[in-house]
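Heads up, the next two complexes both have subunit A, just with different partners, subunit B and then subunit C.
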Partner chain A sequence: MDGTADFFRWLAEAHRIDVSIAYDPLDRKRFLIGLWTTIWLSGVCIGSSILVGLIGAWLHGARSAAARGAVQVFVQFFRNTPPLVQLAFFYFAVSAALPPVTDRFGASVPLIDNVGWAIVSFSLFAGAFNVEIFRSGIEAVPRATVEAAESLGYTRLAAYRHVVLPLAFRVCLPALGNNLVNLVKTTTLAYAIGVPELLYAASQVWSEVFNVREMMVVLLLTYVALVAVLVHGLRRWERAMRIPGYSA
Partner chain B sequence: MKFGIRLVLGALIAVVGTFGAAAQDTIAKIKQRGTIVVGVKNDYKPWGFLDPSGKIVGMEIELAEDVAKKLGVKLEMIPVIAANRMEFLNQGRIDLVIATMGDTAERRKVVGMVEPNYYAGATNVLAPKSANLKKWEDLKGRKVCAVQGAYYNRRVGQLYQPDLVVFPAVPDALNALQGGNCIAFLFDDTLIGSTLAGGDPKWANYEMPLASEDPQLWAIGVRLTDLDAPFGKLMKEMSVDWHKSGRLLALEKKWGIKTSPYLEEANKKHRGS
Partner chain C sequence: MSALAVLLPRQPAAVGSEWGAARMPSALRSRKTIAALAILGAVWTAAAWAAAPVDRPSVLALAVKWAPLIFGGFLFNLLVSVAAMALGTAAGVLLGLAQISLLRPVQAASWAVTQFFRNAPWLVLLFFAMFLLPFEWRIGGVTVPFPAWLKAMLGLALPVLANVSEIVRGGVLSIPLGQWESAESLAFSRRQILWRIILPQAVKRMIPPWMNLYAILTMATTLISVVGIQDAMTLTRGALVAEARTDLYLPLYFMLLLMFFAYCYPIARYTQVLERRFAVRG
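And then the complex of A and B:
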């Protein structure tokens, strides 16, 4: 470890290529916190956006016109507005309208903090797309298959869970993968409300050490790696879920 | 939108690199162009801010106008933030930085700081009276808003361990403070002082509760290659002149800033010499 740090210190002094996160403990800590924040923020948002998508797609096929209408409004609202605007709207406008709570210091603080709003905002944003993605998958399941399930005595929910969803999921996995990759990249917007994710950490470092070029390269490579891991996982999942003879 | 532009600019900085400084004499280049391009703040009242018509005005803007007048050229202003002003200068996108820039040893490696320094500030926080802050140590573990690229973030962060929430620009951080998202806003005492003195009812229940720390000189920035060239020398002369003639003290008064001991002292010193 010391050898590596010495190498980067030498690189900074001799060649002015200053990868300060490799030798400065404070910068490294900031960067690692940023990396971790991005990873768990992405993970939580991926999970909850899929959940939002599943519920939305199910309600979309509901008999109640009110439920279908509500899903439509939700999808239109979150799909047609920029995520950065949504984030600012939640953090600066909605937050102030909610009742405050008391923190451990006895001060009154907003109910949901910046990290909380980032999760809410990104989950709903990606969730709105997921609703449409799952809907496309559900509509690709042949009507005859659903009727067969119903004639076997499945309720609507049971048919959805055991027949429609498993088939639909396989159809829409590639589109879902695209949306989730976008979601991981969208988490950088949380920088605007001070969530300490990767972009925030990198900008903290470069505004003090003035190594913009180096940190930009590090940042881009880190995202390439993060997304590569996600894509790899999705591909393995796709392969594991393949049904022989059922090509989607 | 504002954030977006900054992100794009940030990316451009990385792509273009920082070796844009030309060997050609800067004064000749400015005269040939007919304009001097100055990086200024537009979110730092009353040093550089937007008036209701959208024009950038303020104390530093008048200094930039003085420089343009002296060179007999037109003035073009480019709004900068703490995190990009030095890169803009070194790329050649701007000729001069007059943007509340603190003069630190670390920054001196990257840009030329014009002496004598034209202003001085120190670090303090803006907090609601109800927060009841008494000393710097009270900030430990609390959420404190700050602005990206400010030199004191690192020092205060290490010394008092607040949970810093750093925003791209001053208005965002102030909004977050007003929304109760942080207990205090870490900033320059000069800006906090003028915000509180501005009489805006929005800040009626706020105060600057701590003792200002870490006094810091502000400097006009030129490229390192210009510092000892005619352009840097001219800026040094102008700076001496601003102190000697009382121009800075007059501007401070005009923009409603409390007279700073630093300027009074510098005025006496330069008049005496």
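And then the complex of A and C:
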């Protein structure tokens, strides 16, 4: 580790290529905290957006016309408006409309903080896409398969759980993967409301050390690496879940 | 008070329908519920307006007052989106064609560029362009300024070009190999096959994803507010700061969302129509 730090220190002095996060402990810590925040934020948003998608897809198949209509309005609205404005809408407008709470020091703080609103906003944004993805997956399961399951004595719910959903999930995994990759990239928007994620951490470093060029390269490579890991994981998962003879 | 007076007589009717709702079919009942909720909301809003001090203008009046300015900013967003799309498409088509080149190094390099810019977040690429492009060019003895808005357009064009490149590659690959083979057997050259046979068919399939990309780009143009360019988002925030009214936050941001929705939703619908029309029958 020392050798690496020395190398980068030499690089900064001799060639003015200043990758400060490689030798400066403070900068490195900031960057790693940012990286961890991005990973953590992405993970939470992936989980909750899938949940939003499942609930939405389930409501879309409901008998109540109002529920279906509401899901349609939700999906179309969140798909066709800018995620950054959605984030501002939640963080500035909805937050101001909610009553503040008192923290343990007696100070008045907003009910949900910036990280909370980032999670809510990104989950709804990606969730709206997930609703459509899951719905199309469920629709892709042939009617005859459902009927066959029913003729074997499956109840509607059991057929759903054991037959329709496993097949639908395999069909929509590629589209879901694309959307999740997009979600990871969307987490950078949290920079706008001051969530200390990767972009925010990098901007802190470059505004102090003035190494925009180097940090920008590091930042781009880190995001490309993060996305590559996610894509690789999803592809392996897809392969592991493949049913021989059933191609989506 | 006048708005309240208009709405008050309707209130008992809404309550009355709720009483009888239990015996109605569920769809009808839910519609009644929505109507009741809407009326309740209208009464609440009217009451809130009526309760506000007389010397303070109503939220609606303020929204109407700021709407033209914000709409002007929105038009600038659209201008940026069109310019970035034109730039990105022109460069992306070339990159996409390079991806199906027979020359191994050209193919590999264009693939790498495409993947890199496609997988990097839009906001990071925008920062990349804003900070790393010079603020002026020196051509010969003349200094040409390079304004921030132009850099922002280039920054937004980077992810667009990578996505267009993938669309072009995907479109060409979606044409069955038999088309290439039969054209070859008719002694067409590779260039002729591409321009006269493959691309005319592939363009049809490229249009829906291309339009989808344009809608995404339009929504992404709000990112330029983060790097300090005055667009609809900046103007909305400015209006809110100028008025200093917390009750104005929801309506103004909602108005901005609606502007984008009114522009992007028709594009999305039309994209679906085209997708269905150009779908490969299988």
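Here is the rule we use: the second predicted complex is superposed on the first by the 242 of 248 C-alpha atoms of A that agree within 3 Å, B and C clash if a C-alpha of one lies under 4 Å from a C-alpha of the other, contacts with A are read in each partner's own complex, and residues count from 1 in each chain.
Operating definition for what follows: a contact is a pair of C-beta atoms (placed from the backbone, for glycine too) under 8 Å apart; a residue touches a chain by one contact, two chains touch by 3 or more.
Computed from a predicted structure; not experimentally measured.
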Subunit B versus subunit C as contact partner of A:A96, first or second or both or neither: both
Contacts of A:V109 with subunit B and subunit C, given as first, second, both or neither: first
Which superposed partner A:K185 touches (first subunit B, second subunit C, both, neither): second
First (subunit B), second (subunit C), both or neither touched by A:V224: second
If touched residues of subunit A are counted for subunit B and for subunit C, the larger one: C
Which of subunit B and subunit C A:R213 touches, first, second, both or neither: both
Touched partner set for A:F77, first subunit B, second subunit C, both or neither: second
First (subunit B), second (subunit C), both or neither touched by A:S151: neither
Contact residues common to both interfaces of subunit A (with subunit B and with subunit C): 84, 92, 96, 189, 191-192, 199, 203, 212-213, 216
Complex interface listing, subunit B residues touching subunit A: 3-4, 7, 10-11, 13-14, 17-18, 82-83, 86-87, 106-107, 109-110, 130-131, 141-143, 145, 148-149, 151, 153-154, 158, 165-168, 172, 175-176, 178-181, 183
Subunit A - residues contacting subunit B, complex: 26, 84, 91-92, 95-96, 100, 105, 107-110, 113-114, 189, 191-194, 199-200, 203-204, 206-208, 210, 212-213, 216-217
Interfacial residue positions of subunit A with respect to subunit C in the complex: 63-67, 76-77, 79-86, 88-89, 92-94, 96-97, 181, 185-189, 191-192, 199, 203, 212-213, 216, 219-220, 223-224, 227-228
Residue ranges of subunit C in contact with subunit A within the complex: 26-27, 30-31, 33-34, 115-116, 119-125, 127-128, 131-132, 215, 219-223, 225-226, 233, 236-237, 240, 246, 249-250, 252-254, 256-257, 260-261, 264-265, 268
